[in-house]
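Take a look at the structure set out below.
Per-chain numbering from 1; labels A, B, C and D assigned in written order.
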Amino acid sequence: MGVVLDPEKSRGSGKFHPRGDYPVRMFHVSKSYSPGTWALQDVSLEVGRGQFLFVTGQSGAGKTTLLELLFAAERPNEGQILVLGRNIARLRGGAIPALRRRVGVVFQDFKLLPNRTVEENVRFTLDVLGTPRREARSRVFNTLRQVGLQHRRYDQPKALSGGEQQRVAIARALVGDPEILLADEPTGNLDPELSVEIIELMIAAARRGTTVIVATHDISLVQRYGMRNIRLEGGRLLEESQEGTPS
Amino acid sequence: MTAWVSVLTISVALFLVGAFYLVVINMDGLLEEFGQDLTVTAYLEDHLTVQEMAGLAETVQSIEGVASVSVVGKEEALERFKEMTGGASLLVGIQGNPLPASFEMTLRPESRSAAGISILETATQGLPGIDEVRHGQEWIDGYARVASLVRVSGYVVGLVLSLATLLIVANTIQLGLYARRDELEILQLVGASRTFVRTPFLLEGTLQGMLGGLLASGLLWISFMIFTPSLEYGLAFLLGQAEPRFFGLAQISRLVMGGAVLGLVGSVAALMDRRS
Amino acid sequence: MGVVLDPEKSRGSGKFHPRGDYPVRMFHVSKSYSPGTWALQDVSLEVGRGQFLFVTGQSGAGKTTLLELLFAAERPNEGQILVLGRNIARLRGGAIPALRRRVGVVFQDFKLLPNRTVEENVRFTLDVLGTPRREARSRVFNTLRQVGLQHRRYDQPKALSGGEQQRVAIARALVGDPEILLADEPTGNLDPELSVEIIELMIAAARRGTTVIVATHDISLVQRYGMRNIRLEGGRLLEESQEGTPS
Amino acid sequence: MTAWVSVLTISVALFLVGAFYLVVINMDGLLEEFGQDLTVTAYLEDHLTVQEMAGLAETVQSIEGVASVSVVGKEEALERFKEMTGGASLLVGIQGNPLPASFEMTLRPESRSAAGISILETATQGLPGIDEVRHGQEWIDGYARVASLVRVSGYVVGLVLSLATLLIVANTIQLGLYARRDELEILQLVGASRTFVRTPFLLEGTLQGMLGGLLASGLLWISFMIFTPSLEYGLAFLLGQAEPRFFGLAQISRLVMGGAVLGLVGSVAALMDRRS
């Protein structure tokens, strides 16, 4: 549990999200990068607290775009998005960092800082949250152990294999114990056994109350767990199946 | 490595500004020395008492443009005359001391011009007890021209150099930022606030600037030590008795502060530019 | 077929590789990045002309390292490597680019030039080979069509989704019709259907005589095809199964 | 964007070097003008025939350090004397023309010093037909000092400025390369040869340098146009009749070439540094 930002407290209070049961809500959202083509079209979606959601779809279907809208890296052209009770479209510049600190993201291309060690990359999330040094160190170490990389903590990303870098990105997203976890293709560079371990880490986070959204093309992984699962095709939300929260 | 490029660039730029500043200071010293020789002499009427003279000196002292007033008594005037003419033979047969007492006034730098002189003249001429006011008009005009040329070209060159320095430093810092653009972007994506992202950059820029200023001071000192002896011959001719001077502590700290400001402004400019 | 470098000719002549049936040969190769740990240990391997080989293994097993040794991005600490008849360990600086031009590589992290369009990124391989402009354009177009991205050819990589970027990287490796094709996790960001299409493109290249080595953790893909397949574990070559070349 | 930073930096740096160069050129013009007034006069014996005089003039002309020789005949000497004294009253009662003919020799720039003069003196004094050699020793010494000061400080400042410029330009280009390091790395991984990777960078650097040189020339011209009128008063005092001069085409193309060399050397330095 964080010290500065105790997830239990803020989640329970409902102060930031009166309809706190749905940290993520999208209403008829569309996003276009260039006129005439839609990366996302008329997507409506609600994800409850502690829920685990798989987003699947072909390459270019809009999975990354969906996640980017949720942490305000992109703005929707149409529709409303409420994340932790805040209207993303109306968010002022200064409020975006504050929101992002409550959201953990695993980027499809990792986005690790190349000149920092693994430990610094992961600890950075906690520095931003203001966690005391001593506590930060032990949390970073524990999280790195969970992804099997505690022995590489003083290496720089470029000395790591693709899968190892991906796990650092996952550790960085998890270490702050965020209220929402967005993971974009988090097992793209991992073998099946490791993939299962990572997904189970995320499921554990969901059990602790984190809302987890995982974009993936690995359908065998999706089938393995009986999780809620939506499918995008050409930017449209096509099917929704297997409702469920791990318990 | 980008950090060292900035430090180096700032130091080189400040070295140029500093070297120019050093030349101006020494030119100023030289002009000041010449300026001290520029005096206006007011001859006094013979009947003044010592008290009257002292009162008059005070009045003259308070006139705008007057830097100092020194009283030359009748005896001193005679002494000087004898010295200059190599004996008192010219005065043989003349009774008493025919030479008047006088005030020698040096001028404030801003009044060392034809205009300044004529203001002073008008102001002193009318005072009771003052007989006549004299000065070397030509000398003063030449002095004023050279001084204004040095001053104006000093401003112009100083301005151009400072702008060039600012431009170069801002560009260098911006390139440094550009090389680290991924880092800045990632920091923002992970939820770092603007302040969190920017403060280290601004601090770094400021520190780099200060280091640059220190380095420039060191380089200037070394150059000064190396070059002044070899230039002595020519310098002696130009500077007269004036010794070439190096910066004092105040001026060095101004250079370091200048570096800090450059680094800071450069960083701010570079960060602002990133927004667009 | 290339004009400057006609694959049929150079492959057939055997001039550069007297034992030309094996464009890739490794003898007791070991690689260590830091003292005491081995990224690869005592690996011996021969891959024949036109052969298709899957390399599998856990994250950090040494798959990328194996490929990097083959195009001289890294040097082995021990052992000998012969690629197209040339001893990699003895290659002088100037000979490395010449070798690389005969090898196509799909990097795990794509390595696309960010400020160039998709078309320029792909055409670059041909520019280096000296292919005439006109011919280069049509070959680039055809290859982009094969990976389904001809309509995105004037976009920059950052405007593409992860899977789209991966396919550009694949197109870049294929367009020069190389003698050896090394692909590192080429389907890590692709959904199953696209993955199959891409693998089939590579199999087609193998049929034309290209030696293809694909590192992947996608075991279902490996199982689907009856290809030769080796497995690395902690840098050691563990098992070798299902010998075969597509015909 | 990195390209424009390099162009701007090069142009700013070359602007400074160019401005300094401009000052030196004008100083040189001024010194040259003063130098033309520096003559050494050799008085001739009265008995020389016109042929002897012409032969002697030729001999003198070939002496090291002599730039030109002009013959002042006895009549011309008398004219000048009358002009200077405002009439011929002093010569009343003296028969004929007592003034000797003379050679007025101007000096080559490198001989305008006490040493140069004394060499010339020794060389002329011994010649048959020459009576006496005269010159204004003091004037020449002062001139030599100022000229050497200007020249030496010109070299020093020029050298420092050029080195500073090279350093700044190399750094800027290197930063630019650093920002594009991924691109360079990828090009190499995909099999581009060194030449293929480097040639565009070197060409780009050279082109940036040339553009920088052009931009600097433009800026200098604008500054020259803006500042010389406002400095006229002071400049007229310093330069005398000499008009302030701007660069000719040759000098501008030297500036542009200088930029190209700077850009090229900077690029080479930056690329070499990358190897380590």
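Going forward, a residue touches a chain if its C-beta (ideal position, glycine included) is under 8 Å from a C-beta of that chain, and two chains touch if they have at least 3 such contacts.
Keep in mind that what you see is a predicted model, and the values were worked out from it rather than measured.
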Path length in the contact graph (chain A to chain D, fewest steps): 2
Maximum inter-chain contact count - chain pair: B-D
Rounded Å distance, chain B centre to chain C centre (Cα mean): 70
Distance between chain centroids, defined by C-alpha means - chain A, chain C (Å): 32
Whole-Å separation of chain centres (CA-atom averages), chain B against chain D: 29
CA centroid of chain C to CA centroid of chain D, Å: 63
Interface hub residues of chain C, defined as touching at least two other chains: none
Multi-partner residues of chain D (at least 2 other chains): none
Chain-level touch network, classified as line, ring, star, complete or other: ring
Pairwise chain contacts, counting only pairs that touch as defined: A-B, A-C, B-D, C-D
Residues of chain B defined as touching chain A within the complex: 182-183, 185-194, 196
Residues of chain D touching chain B in the complex: 1-2, 5, 8-9, 12-13, 15-16, 19, 142, 145-146, 148-149, 152-153, 156-157, 160-161, 164, 167-168, 171-172, 174-176, 178-179, 181, 223, 227, 230-231, 233-235, 237-238
Residue ranges of chain A in contact with chain B within the complex: 71, 73, 93-94, 97-101, 103, 105, 107, 111-115, 124-125, 128, 172
Touch list for chain C against partner chain A, complex: 33, 56-60, 63-64, 108-109, 159-164, 166-167, 184-185, 188-194, 217, 219-220
